[in-house]
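Chain lettering (A, B, C and D) follows the sequence in which the chains are written, and residue indices restart at 1 in each chain.
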Amino acid sequence: MNLNATFISGRTVNQGCNLENKTSKAYFDAAAYCEMNSGDASSLGVEPGNNVKVTTDHGSVVVPMAICDGNPDGLVFIPMGPWANAVVDPDTKGCGMPGFKGIPAVVEPTDEKAPTMPELMARLK
Amino acid sequence: MQTVTLVPKEQFKISVEAETITPDNFAGKSADEIGAVVAYEGNAPRPLSELFEISVDGSADAADDVKIEINGNVNRVKRIGEAMTAGLIMINGDVDMRCGAKMKGGTITIKGNADSWVGQEMTGGEINVQGDASYYVGAGYRGEACGMRGGKITVFGNANDFVGEHMCGGEIVIKGNAGIMPGVSNKGGKIVIGGDTDMPGSEMTKGTIIVKGKVKDMMPVYQKEGIESVDGEEFTKYVGDVVVDGVGELFVK
Amino acid sequence: MIIKDVLCPFCGCLCDDLAVEVENNKVVDVKHACKIGASKIMGHDRIKAPMMRDDKNGEFREVSYDEAINESAKILANSKRPLLYGWASGVCEMMKKGVLLNEEVGGIIDNTASVCHGPSALGVHEKGLPTGTLGQFANRSDLVVFWGCNPVQAHPRHMSRYSVFNKGFFTAKGRKSRKVVVFDVRKTDTAEMADEYVQVNPGEDYLVISALRAVVADKADVVPDSVGGVPKEKLVELGEAMKGAKYGMVYFGMGLTQSRGKYKNIDNAVSLITELNAHGKHSILPMRGHYNVTGFGQVCAWETGFANAVDMSRGIPYYNPGETCSNDLLMREEIDAAMVIAGDAGAHFPAQSIARMGKVPVIQVDPFHNPTTEMANIVIPTKVSGVELEGTAYRMDAVSLRMRKLVDVDFPSDEEVLDKIIAKIREIKGASS
Amino acid sequence: MSEMRIKNATVYDPINGINGDLMDIAVKDGKIVDSVGGSAQTIDAGGRLVYPGGVDAHTHIAGSKVNVGRIMRPDDSRLNNKPRTKVTRPRTGYTVPNVYSMGYGYAEMGYTTAFEAAVPILKARHTHEELEEIPILDKAGLTLFGSNWMVMDAIREDDLDRLAAYVAWGLLASRGWGIKIVNPGGGEAWGFGKNVSGLDDPVPNFEVTPRQIVRQLAEANEKLNLPHSIHLHCNNLGKPGNYETTLATFDVCKDIKSKRDRQSLHVTHVQFNAWGGNHWGDIESKSEPIADYLNKNDFLTIDMGQLVFGSATTMTADGPVQYANARLLKARWSNGDVELEDSSGVTPLEYHPQSYIHGIMWAIGLELALLTKDPWKVLMTTDHPNGGPYVNYPMVMTMLMSKKRREKEMEKIAELTFDRTSIAGIDRELDWYDIAIKTRAAHAKVQGIIELGKGHLGVGADADIAIYDIKPDETDATVEFDKVEAAFRHAAYTIKGGEIVVKDGEITATPKGRTYWVKATAPADGHERMMEDLKMKFKKYYSVNMANYMVQDEYVEHPYVFETGYQ
């Protein structure tokens, strides 16, 4: 089954620690995951570390799932970075700022692999 | 009557700034003279003759006798009709940002869509957008107290967010839906939205907003006044924004 | 050797109390810093030499600085609409050169604020910004609100140095001197440490702020039973608590600038603070990200009159976010060249924007390999400011401080690279005119 | 060796008593000399008006407040724009110009020196970054001390030597020129949203009064033998009835003696502090008692703070007055509290001639200048950009010179203004010599920079020279004010340090100017006690470490260090 969610992105300590280390595994671990609460995770039937596919009107991305029980039902979070960027809204709403938060999204379990940073970027060339 | 026809020679990619395309500026000029008028493609000055096929039919002594017809897409040509005082511009296609900014008189008709800031800070005249308009229809420049002060803008399709931001006078009609916060911080004028919108009238001190479709998020700062009829249709009338001691009138179905 | 009073070149806290141990020109230990700051100063693998490639999918080849600089100058000099993006991870001295370069090439200069606190500046245009320096808040604030920001993750020492746990002149009991309230769409780590957590529906902050303004103005009667997911009685309680504060402080982040309404959220929050000043003292401060993103706004404002997103194509500075910010331009596909310097567009722009950057020549000036490198044609490595280079940075509260140099390296500074590019561009343009 | 001769100059150089003499001026290596050789570059002034380069003793041209104004006001930065040229950088802004326009604008009017009038020490680095970027002008900053915790603690503990030592240290830390006091004590009170109501209202939590702050800082100023006196923005600025506070404040310093040939108190932008009445409804001019006081006493000077109708951006360390303004006018409001030191606020506003309040303010500035007999006692300023932008100085100059010009302005001003002011009945018209005093000579004297070669054209002085396209002996300024204003707006030549920087009103060169600052020695034991206090305050209350606080040499690339101190 799928989860209809609201997507947001944002900073984390680990994403910050690896801002100058973005080719590393550590950066992948810090920025390539999708957080949701336990209830949403079990309704999706996924365990931490299982991959999920997050899809919005603007794109989709596969990342591992992680639990954050601070999230209300239906709120999913990916740290700021190339993985989040695959699904954010590029429209600047007349004020220069793309939509990094509050985007309607669908999350589903997947067997697809999460792309590495260079793989993600290669799609854009 | 002088009719000036411009046909873009290509689909511009880098935006062209052409505040020089106005009836005031073209009145009495020959095709060659108009061709020598300069616009900017990015940082590069370009005579209009390099950008457009230009033909002129008839002649005029003043702007009010000039019609400019643009045949083709100018969705990368900004500031067309800026500060025009009279005459007619007919755009048979889409147009880029700030079309009709600071317009004082005359008419601009856009057959296609208008990008953001159509009619920015206009004080008079009329703009008709037959397609959709993007953000900030009839709004102001950053930090200015007033957006539109007079004249009329009609959008036959939909408009994006911030319609009539800081509006101080004039009228905006959106036949379709409008994005969030139409009439935000307005101090006068009238906005009519045929379709749906969200959060209308925040910080409205004076002015009128009529929403004929649905409002999903009402601002929590309006005093409900009861049912009132406007042009034969019944609306719930609200007054506010109370936070700014506003006496703006908001009519919602 | 231990170098004291070192400034941290990571976030807008610009902590200036670090002690860094340097042995044989290598940083071996960083004391007092947070995990992120320590990680930054300890350093990471870096780009060793300038690189170029003709095809973005091709391999890079190492080139000399002169070759990379000359090629960059050629691209920029021949561009009709170049974008110069980044700037926040550099010192003010290089930013001044950036503004000059933008004049030379008639391009657009935009810094990372356009995907961060750019909307805050738009809010300031509407209403101003009642604020102060961090020490003022540390010494006085008895009510601290974090709205749409999460300092535990993004500004790890903020709460201990400036806002929550520290003791000040009028806040001698530290944490106990203050009530801490968090407004957010999810219960963050910061919310866990707060006295009160107020959950707001995503995208409905603006409505909640308006409702609070109504409460503060004694006009709660018009407020409906629930606004933005917050019950009216809670809003009344919070509004009254704010009115009762001696020194109320609101720190806000991307939760306001990036969600629905964007700058209007800031506009509205500033009004709330302004109105609260009729009751007690209240201030508001954006939680700026990069250690010197604030500095770019300052430099760009005094140089051009505008804090960011300045289009110089007509020889006169023009500013209009929505029209002149990086993502506006990229989504319209109207730039024909880009320089990304001291910022990482590749990692922090929407994929569609980056795809459009992929279609034009991209020059990267940065010490580190990152997603922008993947999209670049020319890569010019430089010194790490604040570690290998001294210079000026502005803390999130616009207090400027001088960054220290900790170690010596052979890389050129951003400023030196910019100087050379400008000289070369003048040569090219001089020859053609 | 660069040499220049300006011949046939009609020179007004009040410091050297030259009153319209037709003479030549010789310049060598940036200084005025007796004579130069035949090969010197020669400018024929043709009998035109020649003044020393203008000096502005009180303006807000650099630092955080100005930048707050710029960032808040893109609507202002879109005004007055000029593209870059081969010589100049692009220019933007009217009330808050960018740094380039700031320097070019002054130079175009024949000004060569300006004093930034409010520098919080913690933000002084920023001020100097901007000052360095302002082309052409020599400049200096006045350092804020009036609500500073170190100052108030030393005063409460009655330790004048420690206070003097802190002032010396603060000037060094900020690379400042003198002591600025804004709404003494009010900045601290504003830390909790309060204000002080007058000279004897104690500052909350610090138990010192504004009177004590003014008095003790004035004493410390003389103890350190500083080149400038204390520079004071009085309490209750912007409030009807405030003239009483102003007069009482004058008295506080009446018996302070200076070893230098200057005032012992400078009170700034007095227009904003010479208001009678009890509220906005009955506000009236009280310029007469103020001018009367100035006419009877020689220990103090003031500046006008003249109002100019149109757009202004008010900016001051007087935080509470700015909040009051913003609320009254429903205007944008930026506040800027500075920990342990002061407050500040920035609010844009528009002065309307049809508002009698603004009309009265307009009248008061001119009345102060015209009712005070000695032209040396009242400097011409607009408190840029509080009363209006400095680019309007030429207009203010003509208002001082021509009753007809004033009458022309009065035609557009609200009637009620003239029931509450005396401006309509004032006949006095200043002459070319008076204007030279009011726009350069007196500014240099008040700031103590005559000995640095500023504000005059004596041998050894800086070759800062303004040549205006007007012949004093053929021009009746009382009638031909439009011509005079045009001439003052665009100097025929502005020469800065011997270099032509403006020709025919256009910028021709953009050399970097100097920054003056004062290095003062303090009483040694006072210094010791001060350092102990300071270290404690940095440890406990400042958000920056002491080691990172002081302005480093890198930020003052063109310094001129004036050494003085306790003897």
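Keep this in mind: contacts are C-beta pairs under 8 Å (C-beta built on N, C-alpha and C of every residue); 3 or more make two chains touch, one makes a residue touch a chain.
Computed from a predicted structure; not experimentally measured.
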Innermost chain, taking as reference the mean of every protein Cα atom displayed: C
Of C-D and A-B, whichever chain pair has more C-beta contact pairs: C-D
Whole-Å separation of chain centres (CA-atom averages), subunit C against subunit D: 35
Averaged-CA centre spacing for the pair subunit D and subunit A, given as whole angstrom: 56
Distance between the centres, which are taken as Cα means, of subunit B and subunit A, whole angstrom: 38
Distance between the centres, which are taken as Cα means, of subunit C and subunit B, whole angstrom: 34
Sites on subunit B at which at least two other chains make contact: 116, 135-136, 141-143
Per-residue multi-chain contacts in subunit D, two or more chains: 72-76, 78
Multi-chain contact residues (two or more partners), subunit C: 122, 125-126, 260, 312, 314, 319, 321-322
Listing of all chain pairs that touch each other, if any do: A-B, A-C, B-C, B-D, C-D
Residues of subunit C defined as touching subunit B within the complex: 79-81, 105-107, 122, 125-126, 204, 206-207, 210-211, 213-214, 217, 219, 222-224, 227, 260-261, 264, 268, 271, 275, 312-314, 319-323, 332-336
Contact footprint of subunit B on subunit A as seen in their complex: 93-95
Touch list for subunit C against partner subunit A, complex: 10-11, 34-36, 39-40, 43-45, 56-57, 114-115, 118-119, 122, 150, 152-154, 156, 185-189, 191-192, 199, 202-203, 254-255, 257-260, 262-263, 289, 309, 321-322, 324-328, 331, 344, 346-355, 358, 367-371, 374-375
Subunit D-facing residues of subunit B, complex: 141-145
Complex interface listing, subunit B residues touching subunit A: 116, 134-136, 160-162
